[in-house]
Amino acid sequence: MTHVGVLGATGAVGQRLIQLLDPHPEFEIACLTASDDSAGRSYRDAAKWRIETPIPDDVADLDVRETDPAAIPDDIDLLFSSLPSSVGERVEPDLCEAGYVVSSNSSNARMADDVPLTIPELNHDHLDLLKVQRDERGWDGALVKNPNCSTITAVPTLAALDTFGLETAHVATLQAVSGGGYSGVTSMEIIDNVLPHIGGEEEKIETESRKLLGNFDGAELDHHDADVAASCNRVPTLDGHLENVWAETSEAITAEDAATAMREAPSLDLHSSPDQFIEVFEEPDRPQPRLDRMVGDGMGVAAGGLRETSNGVQYNCLAHNTLRGAAGASVLNGELLVEQGWV
Amino acid sequence: MTHVGVLGATGAVGQRLIQLLDPHPEFEIACLTASDDSAGRSYRDAAKWRIETPIPDDVADLDVRETDPAAIPDDIDLLFSSLPSSVGERVEPDLCEAGYVVSSNSSNARMADDVPLTIPELNHDHLDLLKVQRDERGWDGALVKNPNCSTITAVPTLAALDTFGLETAHVATLQAVSGGGYSGVTSMEIIDNVLPHIGGEEEKIETESRKLLGNFDGAELDHHDADVAASCNRVPTLDGHLENVWAETSEAITAEDAATAMREAPSLDLHSSPDQFIEVFEEPDRPQPRLDRMVGDGMGVAAGGLRETSNGVQYNCLAHNTLRGAAGASVLNGELLVEQGWV
Amino acid sequence: MTHVGVLGATGAVGQRLIQLLDPHPEFEIACLTASDDSAGRSYRDAAKWRIETPIPDDVADLDVRETDPAAIPDDIDLLFSSLPSSVGERVEPDLCEAGYVVSSNSSNARMADDVPLTIPELNHDHLDLLKVQRDERGWDGALVKNPNCSTITAVPTLAALDTFGLETAHVATLQAVSGGGYSGVTSMEIIDNVLPHIGGEEEKIETESRKLLGNFDGAELDHHDADVAASCNRVPTLDGHLENVWAETSEAITAEDAATAMREAPSLDLHSSPDQFIEVFEEPDRPQPRLDRMVGDGMGVAAGGLRETSNGVQYNCLAHNTLRGAAGASVLNGELLVEQGWV
Amino acid sequence: MTHVGVLGATGAVGQRLIQLLDPHPEFEIACLTASDDSAGRSYRDAAKWRIETPIPDDVADLDVRETDPAAIPDDIDLLFSSLPSSVGERVEPDLCEAGYVVSSNSSNARMADDVPLTIPELNHDHLDLLKVQRDERGWDGALVKNPNCSTITAVPTLAALDTFGLETAHVATLQAVSGGGYSGVTSMEIIDNVLPHIGGEEEKIETESRKLLGNFDGAELDHHDADVAASCNRVPTLDGHLENVWAETSEAITAEDAATAMREAPSLDLHSSPDQFIEVFEEPDRPQPRLDRMVGDGMGVAAGGLRETSNGVQYNCLAHNTLRGAAGASVLNGELLVEQGWV
């Protein structure tokens, strides 16, 4: 049993982390941190629990600690971080310096040259970038990141198509309000409305995708040279980011080829990996956020609407943004860290 | 005063037509038709009026007629058609044969070689295709079509960019439920959900765009050769189609160039034309359906979020789908027909 | 294993019935019926499956039969009916005459003197009304009804308060769209809106409540004489009817008394009965439809917001309208019929 | 032309006040105040304008001042206050002391014995309570309040029924999210959900109603002795509070009597008063928030669904919560203050 801590445990992603980690067969929650005004209170008091399943009793009774290396017990083996990026930027390096291994969902440092950005089923080999990281930074700990929720939704399908030579991708997102955090999107903004802009989101998709699809030769990570363009929208759905994609490939590709490549994208044996990594629907009106966000218990990626275009294919894809796209992504990276012996 | 009739007057677009035509200074509603089970009843009884403004009293008292040439009075100068396409396909040619001029929103015959498909501010010169139509069909009447609502939203902006040589357009739509008609989208389908497919819609955008942007030399209409690819989604908004567009042009173009071209797209002096055809927002999170669908009294097109890409620009555009995109489009075509002497 | 059939299997409640019956340890689905245009097709083809969990494979392959006694196999022991009431009115008596036992969710005959209307935890003793029914009608079969979904939500709490002498109840409902069936409420009706009227619903609550709370002496059922007044609204939620209740009692009652009476309302040992029949929340803003509709796996009733008034208490209650309020209610009645030896 | 100021001008109600006051024929906006961090900036900069109509240019250029008597110019004749109640409690008395007449929407001091709480069409005679106020407090200025938005919706109908001797009222509200202010209700709270609790709201309805319906004899205001009980819900609508009411009267009353009494409730000649104070719908499914919130340009009250009960009537009523229920209510009180010579 690996003793784990959750940094930023009271937030929306922090609550999802607890929901996933509490029943997890390999992990035991032994430490929770939050902002200073929560520190010292029980988790039950500090967190306004907003998840449909009840707050786990044993976690509810834990005391919330400050998000500070000095406050983390020594016997913690692995930290999951859902800190605001401004806090993560400051605290995560200190924690790694102090010897902790951190699996982080925060957006800081995702694009740093020596920080692995991983979706285990896709690029688990990038994890060896941690050797470079330890060499360069002199850390006993380690920092691994998962991508942004909207990136995670599309890149598995793009990776499957890259066997045909991915050249460009246009990605239009229809993102759920939970991606903005509990209070990020007001009801007056979104009822009978769409917000056609999410600050910083388009750039994340455009840059993280190329890092994820890149090649790591053991020393350096070459980003993929595909041209990825994103346009991001917030829509009135609770969970599940739906994305419309046009992919152009250097080799000719049919819709059937694309479906096969997606269906054959391998999954892993990790606890949180879905049996089927990418589920491809035949019905043209699927996947839909409400009906399909729980494919693979919320850890699968769904695709559908495949159609050939003049030099590639177009399709839709969907993933649960706070499970596969955030908390689940961090947990999965944690499982990979354990399996590969970094913890 | 032109005496007009409304075909399919009880439906969602039919009601909008009546809302627009009743106070119209040039038109007087003198005839309403609907399906056989409505015929013979007063409009008040036959229509379940669902528009926020009250049903006009004088229209409410009109008797609904059958949708049949024999039932249309002779003194009607112009017919507005919002018939289901299967009915339009059957009835509209008979009406034109019988001498009526028809401005139609129905999707049938939009792509016919001798039927003008017009957005007056954009391609009013295409209306002269009616000469070819009368020659070929021997009609005394005439049939003019407006495009599909999702097409109308994007094409004005694409036309503005065509001064830089439009080569490709990728269009992802976020369409309002009113586009599906009053009962077209159930609440169980769309609450907390997105439908990533609207039957036939993508093809309409892809083909109608090229016809609208095409060149008419007085004898034949050459469709534009740009490659237009569309992906259509239904989202939980009431009115207003929002669209994400990536446009590639043969000449280099900046976001500023694109904004200027859009702002300078000329409007017309027709009664229903907006003062400003395309309104370009500077704020990155505009236009939004609820806030901006009424630009130009619902007859304008809004654009925003302009950003340069590797070989073109990306942006968002928005129009009110049942005003600029349907009923208002037909009324505007009717005004053009009158101005150009076809009525 | 009891062989069961589902009448009206393709509708919204029919699909929920299949979702509940397929994994049920006591029942085996052996027969499905639907309207004539579905008859003869496989269930997979005939039903447009709209439930988040996948269609069960073995059920999907069953052939759909006509809803007619002649089409039901002899070895069916129990029929669950979710027929439209106009069909139920015609077919259910024929089926009972033919010897079938029918647990029905249809609204026809609910108020008939010799038809038990039961919520097992509440008035399972009313089931003996079947003796009267068989005597009077000469049936070998039997017909039992569950109440309307909006009635089921409030009556368990009213029954708990009746120990203090229920005199009047005012009930305002905020009902989910699924209660109207899959296509019953259009998106244009309900986005950014409330419908303050549901045809026939208020009367159902007012009359069914008094029958449910009534006293059966073995021969005749006396309806309760409390004055129940209802006002029904449709709101933009998917599942879960929330109701505001003011109850006046002949004996003085505190909020604490009421909470205790509700918490102590006994459940049953039937498979689908929840461990806790009525769950009472302390937080004033609970229960909420989205967070709490799945209490007791969707078979519990939630209450909260208890507050004393001048001569009684006010509170809110909530139940899942297609589980506890419809399909689950019929299944539970089926379990009671088996347990009491009527099947 | 009366020179007016708006206190708390950047908030949701403040923006509505500006929308109403800018084109107002009797008032000219000459002063805007907001919190300290907005003071000193132009209104355009300080306010995040969120209303569908554009920000008025002349108002946009005004400098925002501190909410402090010293910062208000002397030539301001009338102040409209939409301050948070904690600020209003502190600042409003100082302003009245300094000689300003304040028409306030803030909830502080509404129930004070010498502060008139007025809906002009209903109880304009209560305004003479200002004589008592000036006597007791020694103010040169004056403070008048309008009720809470949910109170304003129901009380006009209750007042109409009071001719039959109102004894009790049960009021269940279905309130729009705009009532919580721009950020008051998050999207994650309300999509596919209802919040069955709004802090303090029920008590406001219960107490303010009795003050509004009370009798002022020139010296003292006797509150009405009707028993008013409220249950408040937040639903996913943008604007328009819908309320279900059961009213019991001492005299027998039919639905027709009630409709007539409501229709005959007199309006006033004030600029913002609607022609018809209470509009009564015959259709049982009206009024609906989206269709009917703009009756009387948003200043009317709509009623419908009238039905007799054992000792009274039940019905639904609706008013626009930020127009008739807040900003418009304050403006109307301002018009009354001018007409009656208090300004």
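Which chain is which? They are A, B, C and D, in the order written, and residues in each are numbered from 1.
Rule of thumb we're sticking to: contacts are C-beta pairs under 8 Å (C-beta built on N, C-alpha and C of every residue); 3 or more make two chains touch, one makes a residue touch a chain.
Note that the structure is predicted; figures quoted are calculated from it, not measured.
Peer 1: If you tally the C-beta contacts for B-D and for A-D, which one comes out higher?
Peer 2: Contact tally favours A-D.
Peer 1: Find the chain most remote from chain B, comparing centres computed as mean CA coordinates.
Peer 2: Ranked by distance of C-alpha centres from chain B, the top chain is C.
Peer 1: Chain A to chain D: how many Å between their CA centres?
Peer 2: 47
Peer 1: I'd like to verify one number: the distance from the centre of chain B to the centre of chain D, where each centre is the average of its C-alpha atoms, in whole angstrom.
Peer 2: 42
Peer 1: Pull out every residue in chain B that's touching 2 or more other chains.
Peer 2: Within chain B, the residues that touch at least two other chains are 50, 191-192, 236-238, 290-291.
Peer 1: Please output the residues of chain A touching chain B within their complex, sorted ascending.
Peer 2: So the residues of chain A in touch with chain B come to 170, 172, 174, 191-197, 202, 227, 229, 231, 233, 235-238, 242, 244, 246, 284-291, 304-305, 307, 309-310, 314, 316.
Peer 1: For a test of understanding, state which residues of chain C touch chain B in their complex under the given definition.
Peer 2: Chain C reaches chain B through residues 50, 177-178, 182-192, 236-238.
Peer 1: Enumerate the contact residues on chain B facing chain D in the complex.
Peer 2: Counting only chain B, the residues touching chain D are 50, 52, 191-192, 290-291, 294.
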